[in-house]
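Labels A, B, C and D are assigned to the chains in the order they are written; within every chain, residues are numbered from 1.
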Amino acid sequence: MKLEGVFSVLPTPFLEDGAVDHESLRRVIDLFIAGGVNGLTALGVTSEAARLTERERAMVLETVMHQTAHRVPVVAGTTADGLRTCIEYTRIARASGAAAVMISPPRLPKLNSDAVVGHFAAVAEAVDIPIVVQDYPPVSGFTIEPLLLARIARVVPNARTIKLEDPPTPLKIAKILQAAQGLEVSIFGGLGGVFLLEELMAGASGAMTGFAYPEILVEIVQAYRSGNLDHAADVFYRNVALMRFEFQEGLGMAIRKEVLRRRGALRHAGVRAPGASLDAGTSAALDRILAWTGRAVYKAVGE
Amino acid sequence: MKLEGVFSVLPTPFLEDGAVDHESLRRVIDLFIAGGVNGLTALGVTSEAARLTERERAMVLETVMHQTAHRVPVVAGTTADGLRTCIEYTRIARASGAAAVMISPPRLPKLNSDAVVGHFAAVAEAVDIPIVVQDYPPVSGFTIEPLLLARIARVVPNARTIKLEDPPTPLKIAKILQAAQGLEVSIFGGLGGVFLLEELMAGASGAMTGFAYPEILVEIVQAYRSGNLDHAADVFYRNVALMRFEFQEGLGMAIRKEVLRRRGALRHAGVRAPGASLDAGTSAALDRILAWTGRAVYKAVGE
Amino acid sequence: MKLEGVFSVLPTPFLEDGAVDHESLRRVIDLFIAGGVNGLTALGVTSEAARLTERERAMVLETVMHQTAHRVPVVAGTTADGLRTCIEYTRIARASGAAAVMISPPRLPKLNSDAVVGHFAAVAEAVDIPIVVQDYPPVSGFTIEPLLLARIARVVPNARTIKLEDPPTPLKIAKILQAAQGLEVSIFGGLGGVFLLEELMAGASGAMTGFAYPEILVEIVQAYRSGNLDHAADVFYRNVALMRFEFQEGLGMAIRKEVLRRRGALRHAGVRAPGASLDAGTSAALDRILAWTGRAVYKAVGE
Amino acid sequence: MKLEGVFSVLPTPFLEDGAVDHESLRRVIDLFIAGGVNGLTALGVTSEAARLTERERAMVLETVMHQTAHRVPVVAGTTADGLRTCIEYTRIARASGAAAVMISPPRLPKLNSDAVVGHFAAVAEAVDIPIVVQDYPPVSGFTIEPLLLARIARVVPNARTIKLEDPPTPLKIAKILQAAQGLEVSIFGGLGGVFLLEELMAGASGAMTGFAYPEILVEIVQAYRSGNLDHAADVFYRNVALMRFEFQEGLGMAIRKEVLRRRGALRHAGVRAPGASLDAGTSAALDRILAWTGRAVYKAVGE
């Protein structure tokens, strides 16, 4: 099965006391599936996975699998600083029915290319499940160059899907596809969808990101893949102002959660510390951009 | 004199053999002034100043001052790794008639806050000219936090203008203005104008960036400052797709130069190595976004 | 209770199949206590804590507390990317009888000073236990400047012990003590002890590091604190060649474990992937430096 | 000509008013040549080259070439952010009689392997002179992995000498030699000589560093290369305490210059801002380590 199209990275909603809010998570899943997404991704960076305990991780994954109920495939993030933990997470993901796992290079001050290849190879040898290689340097601290991504794809047949988040992404996608010629590689854009159109034009298979209106991404990708580039471009250009706003470095998660709260999915928009929470200025700017794009309707949970 | 409004950072055009193309530089200056900018900035990061020899720096500055001919004020970049060189550049800038200089923290592996304050204070003591403090961490390797920017503004009265390029910029602007309460601080957004509206809403005095259509920035800033927020927002939202595209990390300069070539200002769009040059895919994506925003007119130099 | 003297950071030994080797851990604890250390530190960076599951963390801590049996105080590392997890780890550490916890700033791409202070303050408010603030930029990605360390010490009375690992450490110690004047701050050197003498001369209270011969550190610190600087210096200078060798970036843990294996404490010197393991060249160089310092005796476990 | 043995990186001495002190530079050159070095390196990182103007660079190089007078070969640093400037510097170095140039990857936020190879290839095509490839990630911001160093050596025959300063250096040297098998590659250690013995054991051809007592490095390298490993090791282990002290991150240059002042070579130990200058604590610690190694003799210039 080739992973492609729009995969929405799920936020992890929290109650006011900071505990995981499984009920809101279920609503988000339904909202995203109703939006037409091709798949869901749990326990990603934007899911604040790094701020969950292992018990919470397991419970979140259970809720996701149960609520999704095979309507779409689920990718589970299993990145860990240690190989052994990464394998353990990957085993749990596979057992829970995930269609694939998503893994970044492990954080390590003196990491090198050989160690990165070795990491993916070792996970693949231990667990038989497709791997999405995540290339997001600000979080992993390591840039996976096109030749190295191609080398991973060659050495580890299970690791031929890439979530590419190292700008300029369109150019890098073109370079990867050239370096990996002859291999069936599938590349997802990320980064809030802010370069989705250009990524598709460069050969991307879709987007895997947490943008709070995945139906827009779906419309763009479907139009593009059915050959209607003009329509894809039009929808994209008209909406990228919002995508850009949502995907602010250091604030993106807080903005997304607030939008999902306004959409009636989340009870509470809180982010776990030390993640930044929404300030009044950003909230006012959000009002404005939502109004301009005609999406200002507000439907609080329980109303 | 308070610096505010739109200051366009000038590219440094090159001939096909790589030499500085002063004739094209003069055309860009005229194009930007015709676009209504409030000032020009020479020898910035986007001017590829780091790839010019000292002789070339001096000649570029001379061309800029001569062609601008006091129509608008000019800010000259004088960042250097050493304090002494920075002071020397600043002296040259002042002697040439620059209205202000723009300075980043010097690159140094173990730089600290005290050294940064000391650097700005020493330049200010040596040369009497307003200083624009540039906060652009990916290039300088040092993040100037709001409290430190306020400390610089307090200790160095000549250094109360800030070019802020550390996202999320709107939130950081709000924090700086709060930390610097009581001081007359002026903050410019940068980063290609991609968050200009939100920066203005947070209290920015304008934008200082190299976006190839500064007239759009001028329209936004003027509308905003005359109280017409709705118009400012409308112009901004409709054009930010283009700004975002132009401001691609690692490719921005190449795209900008190509746009300025198409606008008839530059004879040649080349960037000095190791700067990346424009690839076919990015060029095709540029065609599309320019067409969508109704700016596809092409007027090559000499035609 | 003021933490001071030599605190040995414990490695986490593994069996050949990669599981935690509690028996070897107990031997290391006894070896270090026999060496005269003033305390032990569990679950530090060098303990490969980032590569342990939560269950393993808990079991390691239990073994450490049980085997130490109050002979010396134990500091437990409780660093986590999320505040909530950090608090949970800290609660567990306190409940298990740890004398203090050791905490680094949480890893976050856009971390800032206020968030760092807030993190320590929130942990301190949630759990009443002394906190060792760890300043080790290569791992946390954030440098805590002297003024910020002093601010933390002022705002969070429980966080007045510092493990300083940001070179040049002697100079930074002097700056911290000056910035924190009036507060009872205690600073430990780290970094394998490679600057221990100079750190003591600058005002450090001791060393907290994983050097495999803590008895050498103990001799140095005791001589220094009893006024015998000449002896302290002599012991230090004669042994720092070995400390330097052991503390190689990216290899330190592998070398230490091999030394502890040769000392009869560890059954197996393995490091968890992606940590680097010992190569033949480094092993040969280790033989030589151990021979030169008269420490070549080999006593394998079970022999 | 294969570059090997001990190449001393020259400091750039300054007068009290900050101007370059050519007279002291000449004394340092004579001191180092009297110490038996195999070559000299001018305009390196430790020469504060980044804080010199172009005019000063040229004058320093002239003084070095003139004073050295072909007694030993001279390597000239020609690193620059732009390829064109790097080529210009390299041309000047060749014209002045330098035996080789030393070049780091250019600083650029999104630098990649292909651009690095292209940079060295373009310099080599423009100027026919041996190139020492400097791998010092904290300054260049880019780590050159063993395979990439081997690729450069293969593609650019003039670039087969490496100054390796990315720890753990002994292990990396072994990896490079393996990756470059069949090519005549010569690797210098750097980093103050702190791992010189282990680097030689791993296959290094010598050391290129600014340690203020190069005669010690010469003794070690000569002993090693004549097969007397025991003597090399003994000299190294007895002196590495001093090397380690001198090579403190962020302070190294200030310490070195002070030592060279005490040795009667420099009139003034000042470092150009923002480089850190010597504090009282570090100075006291220097007294102690010099006394212990029997090198406390003080001979001020002019006395």
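Simple rule for what comes next: a residue touches a chain if its C-beta (ideal position, glycine included) is under 8 Å from a C-beta of that chain, and two chains touch if they have at least 3 such contacts.
Keep in mind the model is a prediction, meaning the values are calculated, not measured.
J.: What's the overlap between the neighbours of chain A and those of chain B?
T.: C, D
J.: Among all chains, whose Cα centre is located farthest from the one for chain D?
T.: A
J.: Check A-D against B-D and say which one is joined by more contacting C-beta pairs.
T.: B-D
J.: For chain B versus chain D, what separation do you get between their C-alpha means, in angstrom?
T.: 36
J.: Can you give the whole-Å distance between the Cα centres of chain C and chain D?
T.: From the centre of chain C to the centre of chain D is 33 Å.
J.: Just give me the whole-number Å value for how far the CA centre of chain A lies from that of chain D.
T.: 46
J.: Using the touch definition from the top, which residues of chain C touch two or more other chains?
T.: 110, 167-168, 249-250, 276, in rising order.
J.: If we count contacts the way the header does, which residues on chain D are in touch with chain B in the complex?
T.: So the residues of chain D in touch with chain B come to 18, 48, 50-55, 80-85, 88, 106-111, 115, 118-119, 122, 138-139, 141, 249-250, 272-276.
J.: Show which residues of chain A lie in contact with chain B when the two form their complex.
T.: 167-168, 170-171, 174, 194-195, 197-198, 201-202, 233-234, 236-237, 240-241, 244-245, 248-251, 276, 279, 281-282, 284-285, 288-289, 292-293
J.: Sort out for me which residues of chain C touch chain B in the complex.
T.: 110, 112-113, 143, 145, 147, 167-168
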